[in-house]
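Questions regarding the structure given below will be posed in turn.
Chain lettering (A, B, C and D) follows the sequence in which the chains are written, and residue indices restart at 1 in each chain.
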Amino acid sequence: MQLGMIGLGRMGANMVQRLMRAGHDCVVFDNNPQQVQALVDQGATGTTDMADFCVKLSTPRAIWIMVPAAVVESVIDQLEPHLKADDVLIDGGNSYYQDDIRHAKRLAERGVHFLDCGTSGGVWGLERGYCLMIGGDTDAVERLDPIFSALAPGFGEIERTTGRTGSPSRAEQGYLHCGPSGAGHFVKMVHNGIEYGLMAAYAEGFNILKHAGVGRADHASDAETAPLSNPEFYQYDLDLSQVAEVWRRGSVVASWLLDLSANALAADANLSDFGGRVSDSGEGRWTSIAAIESGAPAPVLTAALFERFSSRGEGDFANQLLSAMRYQFGGHHEKPTS
Amino acid sequence: MQLGMIGLGRMGANMVQRLMRAGHDCVVFDNNPQQVQALVDQGATGTTDMADFCVKLSTPRAIWIMVPAAVVESVIDQLEPHLKADDVLIDGGNSYYQDDIRHAKRLAERGVHFLDCGTSGGVWGLERGYCLMIGGDTDAVERLDPIFSALAPGFGEIERTTGRTGSPSRAEQGYLHCGPSGAGHFVKMVHNGIEYGLMAAYAEGFNILKHAGVGRADHASDAETAPLSNPEFYQYDLDLSQVAEVWRRGSVVASWLLDLSANALAADANLSDFGGRVSDSGEGRWTSIAAIESGAPAPVLTAALFERFSSRGEGDFANQLLSAMRYQFGGHHEKPTS
Amino acid sequence: MQLGMIGLGRMGANMVQRLMRAGHDCVVFDNNPQQVQALVDQGATGTTDMADFCVKLSTPRAIWIMVPAAVVESVIDQLEPHLKADDVLIDGGNSYYQDDIRHAKRLAERGVHFLDCGTSGGVWGLERGYCLMIGGDTDAVERLDPIFSALAPGFGEIERTTGRTGSPSRAEQGYLHCGPSGAGHFVKMVHNGIEYGLMAAYAEGFNILKHAGVGRADHASDAETAPLSNPEFYQYDLDLSQVAEVWRRGSVVASWLLDLSANALAADANLSDFGGRVSDSGEGRWTSIAAIESGAPAPVLTAALFERFSSRGEGDFANQLLSAMRYQFGGHHEKPTS
Amino acid sequence: MQLGMIGLGRMGANMVQRLMRAGHDCVVFDNNPQQVQALVDQGATGTTDMADFCVKLSTPRAIWIMVPAAVVESVIDQLEPHLKADDVLIDGGNSYYQDDIRHAKRLAERGVHFLDCGTSGGVWGLERGYCLMIGGDTDAVERLDPIFSALAPGFGEIERTTGRTGSPSRAEQGYLHCGPSGAGHFVKMVHNGIEYGLMAAYAEGFNILKHAGVGRADHASDAETAPLSNPEFYQYDLDLSQVAEVWRRGSVVASWLLDLSANALAADANLSDFGGRVSDSGEGRWTSIAAIESGAPAPVLTAALFERFSSRGEGDFANQLLSAMRYQFGGHHEKPTS
């Protein structure tokens, strides 16, 4: 079937390619003519004019928006005058689910369906397919089924969950209608919150392995650190790249994120290209806020989020106050950074 | 080659089977004659007498101990008089790495090699193979290579890590000589610490999804909870079993632990067979202690550990004191449990 | 000067008494005639009719609202038709500072000033005075100065902060104009967030002291817990009531919250009147949300909040999933609750 | 009575002065002759020779050791040959309680009593007195009562705990016999653990106040941070020095640590003398380890400890791995530090 794609960044462009490979017909829009042309060269219909884009799509239209969360609102503003009843708009980016609820209400007034679709897969999705978490009207979801189905990874060779039988459900093909408006991005939000926790678990673990030699005489010791109680037990020099590799096979902690860690550590076990200032994109924050608002304890996910803040120096003033208190009650001077 | 196995519980018995399938010759010992007989029926040589066990093994012996950590010491006590120079002892259980260092020193005095081997794989290892993390003398590790190789999963069909070439290393076959005495169990300890963090990340995430309907009128509300600020945003009734399923394909959070969660949720999305009193086996504790002793921050792994303590009521007195303070300063009465 | 007080609960009634003791003239309103009468008996002018209340106040009016956060909006709705330009409304409850900003804008349209005032002091404020954190127009704050001054504790006998000289500032008398609309409740919100952290620090500490005897033979051991590594180091039977007492004098952890803990433990060192289901009132949540939104790491304050959620069973499903995963990968059965 | 003091650093020297003011007779030892002379000038008997020190003390001796934890063992080694049955040794430093148990056993073999005494008070103790937490034999504690009593703050003007009557107990005078060997340092250890939690609660809270202006146009924005959702709610410019001051009077968070924070912020609200690399002295670590070993959840205290580790860069590798994973799955480049 025909799909219009707005936003031809890494994600959007790859998704168009995956759809065309599956035989779908794509009309693409971006402000950047080069990105449009690149897909036109591969068989898409393209334009840098929003009105023209809407004209090129046959009604009822199916339009997928793949832009940064902060831009979605203005894209809808531009699209709205051109839309007609029964058109379907899908926000496939990392939007806040509360915005979806608002957008869906607004567009419903003119009979336009709005779906929210959490899309996981990153740069790997073109080949592996995208895991899709969808919210909104059942009718609209049904109409778009061929598109979702083509983007999703499919049943693949993954071992079937115990107890599941019969022809594979959509979930088993990698896409799911989660519930009404916002449900897709709600599930995607929590997905990313979990991702933060998983990533932090590996990061902390490898950091402990990295510290396994702090008792060695040749190990740079930090004058500020409390003296190590049992140096004889911290004498190891572990090869983190090999450890990541061995865990990929048969261990309980095997995962795709571990595979990626193994890639990174194989390239450089010291990770010296990275300074350790870790960004966060919004969904980790929203997950913790949802946990707080709904009263669900989430200490692990939230600690993972706060570690990212701290990595960017956002806790510095708190640390300065700790040093200042120590100076006040004990006359302790901060040791120089050397 | 020939291997002696002490301890024929779920892990030990499965490992013997996997070794015999690979053509190795196993002599087995357990205090329980039925467990010995079960393996004898499959071709093992068996005994319930420790001296006899040592006689049945040709020297230099290779003996694998697969018993609870608390029992290892007494098994070594029983074995020691029967051992000779050049024998190799492997502790394949979940022992504390600091005990390994002690055991290795003690046995070295009579020329016996002691290897520590962290073994991951659980009940699935018989078919999938065991991920092995080994510490100790290089010579002894080399001598046992056929055993480790047979127990490990092998290279398998897992996609190769970017940049790795040539014939697969041991790590790529699922076993690794991590370093000197204790290094194997140190790596396994951190592996389990990470596992606690990963498990908690999924558990907290699914719990947030479970709370996504707290704003619904039909949802049981708890009189003690602060009133929900934005009930209109917590109106979902998500199918957790389907969510777990869809994440298995193409998403960033795919992992073996997620596969297991999907199994459990497919069987019963309410998990009503489980009361939520979560045990911990020691290694999560040791990981956090290692983090503290070596000065490596591990807030996520440690929060995961403490959640398990709390799940067993170990934080009750702290909570009582909080309620008592609230009563003292604000006259707040605890609401009844109903 | 004259002040109208709406809401004669524990806080409101005590504040009226403190104001009348200082010579101020109070007009009081409550839906409950008995609570009105109790203060009329002490010299206040009273009414249960909102219109009448506004008539009894001379213009420009000064009205203090002391009601639950959830009721503030409807009180303003009732008051608004009776208000005139230059009247001042103070919300002295535990409102969300973002609501203050909204209320102030709305009332400014008819020339009414809206102040937000975080009020700390609990049931002890009548005698000790109330710590006041105020937000809003400088003019209105100045006009109400006699009221704030009378409610605040005053300079008292507290040792002066190093470096402060001259006549005591308002802050040194226990009240502070923090900034524009919402600033008072923002500071009060963070004050309560800190309070959650402080309370949790004491609660966890006393709980560790309570666990100091887990190695004793007479101590009830929990079959689910990992066996204690070093029982010989956990043989104490500490008198928590005495420990709280000794810390009150000369120690670094002395505080008012410790005084309250000492009161509670002196009454019953087992705190058996309390079940340990700890409520939270909203401000702890808002503090953590503010931390997340503004990118300030707050792992301690947020962990304290989540402990309260867990104390009410809100983490149970997460714990059930942990047990379910353990069963899946290791065949571990949850131990019975006994 | 007579007391020998070993170690004339800030703590030891002040304690000798406080004892002499109370009429006690002090014999002092230090390797540094200047520190000995300073106290001799004030009336103490002094020496830099350990044997001479023991000779100068009348038997049975009472000797207080006030040296860094790492030095205690060697001081005992030097003292031991000179000691006789019935002598009492007090370790008043910040030693690990498990070492006390060992030391007490060793010295008991020659009839020497060993007391452990946690001492809180810092540089303020000379004037305010020291809060003392004592472990060991009851007889020895009784014999030393005059010393403990003189060091402790005494009943003072602190309001009595509700329900306490009669003549003040030792705890009400600021010293407590907590239990057998190690109990004093165990209680002091947890005291310091709580202190870490309290300090972190204030530090995080003030840091949130510091972030209250992140939505202002004039506020330096960090390119790496997720865009602020609601900038209109983060427009404040709060005077942290004034906030600390106002909380000192009548608020729930009043405490000695807040007084110290007020001192520091009054001197420089930007705390620019401090870099924020926060040391830890051992007791916070031991508290968290005790929590883990005894199964008592302590997420707040442990998060506070880990924040200190992170402040010293000990989490950098973990953060680098997070950035590396983000690069792997999403092609995300770390933003430059600028």
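The rule we apply is simple: a residue touches a chain if its C-beta (ideal position, glycine included) is under 8 Å from a C-beta of that chain, and two chains touch if they have at least 3 such contacts.
Bear in mind the structure is a predicted one, so any value in this text is a computation, not a measurement.
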Over half of the interface residue numbers used by both chain A and chain B, so same, or under half, so different?
-> same
Report which of A-C and B-C is connected by more C-beta pairs in contact.
-> B-C
Report, in whole Å, the distance between the mean C-alpha point of chain B and the mean C-alpha point of chain C.
-> 44
Chain A-chain B separation of Cα centroids, rounded to whole Å = 29
For chain A and chain C, let me know how many angstrom lie between their CA-based centres, rounded off.
-> 38
Would you pick out the residues of chain B that each touch at least 2 other chains?
-> 122, 200, 202, 204, 207, 210-211, 222, 225-226, 229, 252, 256-257, 263, 285, 291, 293, 295-299, 303, 306-307, 310, 312, 314-315, 318, 329
Classify the chain contact graph as line, ring, star, complete or other.
-> complete
Note: in the complex, chain D contacts chain C through residues 97-98, 101, 120-122, 125, 128-133, 152-156, 158-159, 161-164, 169-176, 178-180, 182-183, 186-187, 190-198, 200-202, 204-205, 207-212, 214, 222, 225-226, 228-230, 232-239, 242-243, 245-259, 262-263, 266-267, 287, 290-291, 293-301, 303-304, 306-307
Touching residues on chain B, where the partner in the complex is chain D = 252, 285, 288-289, 291-293, 295-299, 302-303, 305-307, 309-310, 312, 314-315, 318, 329
Within their complex, state which residues of chain C touch chain B.
-> 10, 70, 96, 122-124, 199-200, 202-204, 206-207, 210-211, 222, 224-227, 229, 257, 260-261, 263-265, 271, 273-282, 285, 299, 303, 307-308, 310-332, 334-335, 337
